[in-house]
Amino acid sequence: MIRVGVVGATGYTAFEAIRLINRHPQATVTAVTSRKDVGTPISDVHRALTGQLDLSLSLADPQQLGADCDVVLCCLPHAASAETVRALSEQDLRVIDLSADFRLRSAAVYERWYATEHPWPERLGEVAYGLPELFAEEIADARLVANPGCYPTSAILPLAPLLKAGVIETDIIVDSKSGVSGAGRTPKLANLYCEANESIAAYSVGKHRHQPEVVDVLDRFAGVQTDVLFTPHLTPMDRGILSTIYVQGRELDAQRVKQLWQEAYAEAPFLHVVDSPPATKHVSGTNHVHMTAIDAGKRVVLLSVLDNVVKGASGAAVQNMNCMFGLDQTLGLGA
Amino acid sequence: MIRVGVVGATGYTAFEAIRLINRHPQATVTAVTSRKDVGTPISDVHRALTGQLDLSLSLADPQQLGADCDVVLCCLPHAASAETVRALSEQDLRVIDLSADFRLRSAAVYERWYATEHPWPERLGEVAYGLPELFAEEIADARLVANPGCYPTSAILPLAPLLKAGVIETDIIVDSKSGVSGAGRTPKLANLYCEANESIAAYSVGKHRHQPEVVDVLDRFAGVQTDVLFTPHLTPMDRGILSTIYVQGRELDAQRVKQLWQEAYAEAPFLHVVDSPPATKHVSGTNHVHMTAIDAGKRVVLLSVLDNVVKGASGAAVQNMNCMFGLDQTLGLGA
Amino acid sequence: MIRVGVVGATGYTAFEAIRLINRHPQATVTAVTSRKDVGTPISDVHRALTGQLDLSLSLADPQQLGADCDVVLCCLPHAASAETVRALSEQDLRVIDLSADFRLRSAAVYERWYATEHPWPERLGEVAYGLPELFAEEIADARLVANPGCYPTSAILPLAPLLKAGVIETDIIVDSKSGVSGAGRTPKLANLYCEANESIAAYSVGKHRHQPEVVDVLDRFAGVQTDVLFTPHLTPMDRGILSTIYVQGRELDAQRVKQLWQEAYAEAPFLHVVDSPPATKHVSGTNHVHMTAIDAGKRVVLLSVLDNVVKGASGAAVQNMNCMFGLDQTLGLGA
Amino acid sequence: MIRVGVVGATGYTAFEAIRLINRHPQATVTAVTSRKDVGTPISDVHRALTGQLDLSLSLADPQQLGADCDVVLCCLPHAASAETVRALSEQDLRVIDLSADFRLRSAAVYERWYATEHPWPERLGEVAYGLPELFAEEIADARLVANPGCYPTSAILPLAPLLKAGVIETDIIVDSKSGVSGAGRTPKLANLYCEANESIAAYSVGKHRHQPEVVDVLDRFAGVQTDVLFTPHLTPMDRGILSTIYVQGRELDAQRVKQLWQEAYAEAPFLHVVDSPPATKHVSGTNHVHMTAIDAGKRVVLLSVLDNVVKGASGAAVQNMNCMFGLDQTLGLGA
């Protein structure tokens, strides 16, 4: 059994991670930590865990985690996460960091977009990016994996093979719609039910932190510098991301796009090319991604859907864990 | 034009009050106050008011309000509200208090249920209760009106004529379902979108503060001491209250109930007896109440629906204002 | 009093039209028609009208409508609508057609996109397009007004002044998100609660019938042939449209866009230029449109929100009616 | 591997059954049938099954099902279901019937409430009722199991031990709130998104078909004839049932209720007694039931929550299948 610690266990991604590990046939949660509510049973924080996990919140003590865990899923906010990851690096365990701290390769880019100094800049540049569909080998060997952002996963997976094949221009528009769970569990006015319900709005237009992540990872994979315009929208639903992506290319059509995807992702168990526009509900609660491409005048419209809390966060973390421990990618993640 | 001040203008009921006054042909909002965000345009706080009201938040200054307003709608939390109402009582204006502070007739009952001393206990007992369907004359003469609670309105209106007629027993179960706006606009975990959405739960079972309000007002109107068991439920919708009320009485049936309602509310423009179960959506955004009664074994089930922010709060306040100023009850409240 | 007939009165837009006319100080509904359920009280079809309108459904008889009405709002499906409008043209009344039948100027384009012969092609080309913000004079004089599509309104209003001023390129992407009421009230699998709830999906990508409408009206107003790529999305909410529009132009920035809007719409009572991304909830239940522009790299992102059932349908119809009868545009439509 | 056939595979419960069997380590779906859409891949009907199950819809042929399956889950409407079950009874397989056809013991009661002749009345009275928490032994031996109704499960589980212990009176009120999936996948006006969303309403007050089911099963288990008043409510959410149950008894309090539950359900892996009001979200997507009891005057209020599509339908079916095949009850159903 792989012993899993969940650091920062009170939020939505941590809950989903615990739920998934609970179902995993070869892994078990052995520690849950938090700065607040130390001593509180985790099932009081996440009542869906009633009777499912008999652990209480503790402070994140690196040595203790080193003794109790084979792998830690770090679900802290950015900056705080890198500090904890650094402390954990002395221990004999692996880390999957669900924050943004190790996704970008450049400390300068990080500091520009996150408006804070990076706590461990020298570690950047050599961290595996946790998309097994693109970086399986690096992940298998890694002691630290940067779990991707939810929006970037929905944009990078459709775009990467097309850029690698050189069939699309680098001027790309990504118009994404996300459920409210992406905003986290901290009480804020904008996330109140009566604010978010029955309403849709764009936010952080052209300046969301996931924009440089998409650009950096596409460059890392395909060696192409793209000009991505990213517009996220807060959508009245718990979970799900739909990205509507506008691309164009000489002699490109939807059929060619799908063919390239089929080739690139022939071995990817969670990626499915479909023939009509996918809905986020089709993948809700699962680690799957549905993608299609549609001809529209001189452009091709790419559509991808995923569950932001699963494939966009904790499901990807479990998938990465499976890769790191030599297991089948799909173990514990449904069929 | 009636000049209206809205004290505590940043919440949902205040917004709805402003929206309704904006539509009212003989009233206009002249002051909006708040302890926070003084100087901020009200349309920044409630963006739906963009271009609709050119006022900024000020501190609630009794003298200034006395100069600027003919009536003040007080939308403060309990206890704070009574203090402000007391300060305003020196001024030449009328007050409609949307808090719970003047709804009960007894300071002792208030202090038991609200766990705080009443700031102006000697004023209790002689305040008009703002249900014009039951207390129109008192309201017309009042300088201070206690605007009813949302749940109590949904329970009192169906029950009052039946108790007055002596046809039901005093052992009554009120099972109510409310939209999330009833919980207010202050960020709290339970009111986050991802907590409240796709979920229903009971809360404050048998100990919600609206339970004694129902009992006190029914006694006041019908002279009967009832034993009401009240169970509120948080329902995943913005607005609306449905109360499912279980009563029984010798030789009582649904037809007799409807007949008593028709007689009692013949002149009530907002009350409608319907023939099949009403949905909260049928009255959403309006000041109307739909009620029906259905035979079920030895009991009769009463169903009432209203919009908790309109008839359950700000619409009732405007209706009360109309009564206090000698206008038609329906003015500014749709047909 | 303007006597208003509502033809095809059982759907959502008809309900909203009746609700608005009920509030209008100088108009009253005098006839409601339907092919089905003749004789049924309209308040049984739309239970929110209980006690608000004492009319029953009748068959649409042109002569009777001519006797009873000064204006008819035609809420029928396309093709059926044009036939009825043609029959009504003999009568002494005006018509506002809420279908798509008279929005396009060319029968050939209509027949290509709607896959049916136009029932009255010779009438096309001279019908006023019901956006008073752009075509007020034509509407004032018209006997027949084509009420705009909901999506087109959200796209045309932000784009028209920019194209007129020649500051944007004609290659335009419109990514729109609509509430489910836009799909109508006919039971279909895709519109079931459990299909649409907690899910978002694109549909009719690049081939929605509102795409040629946007192109035709922009040409009509600005004399420019645009290349619009339009992607609609079904969003889990009752009402509201958000359009996210991607444009670019030499030396164009967001500030210039807002300035052009301020100039073009200085006299438009329902259009509001705001400073941060608007949410559909800000205009829910109203006839208002909120718009903003944001710089994003070489592009400017335009955002517009409206209520698809009000400004996108029945509110626009009332606004058009006001124009046609020489009344203030805002009468009966709130402030 | 247990080979499972799903008859009537196009609805929501069938989808959930397939999803659960797909995750089950010792079962696999080998047939999916429907009267419509024969030949259509099941993943076209339920797009969430894309890549998860490579089967197409066939007509339900008893002999073929006998050859292909060890057990059939019958997801047909009532009456149709009994006919199919009868035809399947010749085959060497077991049947779990998710319809209401074999839940009641009396054909006369069935015919009164379902307004149709029972197709196989002589089979009634000896069919195991599929609540393993109460009838585990009967289920283990059964060739035919009647899967319980969703509402009845939420009412019977809290009530059964209390009636058995003789601590509550037989006059019981069950006020239940259900998500919309309970209404099925057939397009009907009432289940349209824009009808059900943002609204709650009671229906079938005192005459819902699940009322006699509750009474019959409680009698069967506890030997007590109860007088249950059952009021279901349609709640704006996909899934979940909350039952608020009003009981009373001499010297009864909440603590005693919980104690009786703890004793009765000590071995029940899916039942959890909790200390504060449970929300349907706490059990969403799972086979768990959370229950609590709260003192309220002379009554005790019982609260139970479950997922109507899982523990209320397909999860219970899998739990029953596990019992019938000698497996651990929880296999394939999460922890």
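In this document, chain identifiers A, B, C and D correspond to the written order of the chains, with residue numbering beginning at 1 in each.
Please note the rule applied: a residue touches a chain if its C-beta (ideal position, glycine included) is under 8 Å from a C-beta of that chain, and two chains touch if they have at least 3 such contacts.
Quantities reported herein were computed from a predicted structural model and do not represent experimental measurements.
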Out of A-B and A-C, which chain pair has the most contact pairs?
A-C
As a test of understanding: of all chains, whose mean C-alpha position lies farthest from that of chain C?
D
Chain A to chain C: how many Å between their CA centres?
40
Could you grab the centroid distance between chain B and chain C? Build each centroid from C-alpha atoms only and quote it in angstrom.
36
Rounded Å distance, chain A centre to chain B centre (Cα mean):
45
Residue list for chain A, restricted to those that touch at least two other chains:
195, 197-198, 236-238, 278-279, 281-282, 284
Chain D residues touching chain A in their complex are 22-23, 47-48, 50-52, 198, 272, 274, 278-279, 281-286, 288, 290, 334-335
Please give the residue numbers of chain A that touch chain C in the complex, ascending.
173, 175, 177, 179, 195, 197-203, 205-207, 227, 229, 231, 233, 235-240, 242, 244, 246, 277-282, 284, 294-299, 301, 303, 305
The residues of chain D that touch chain C in their complex are 12, 180-181, 185, 187-189, 191-198, 236-238
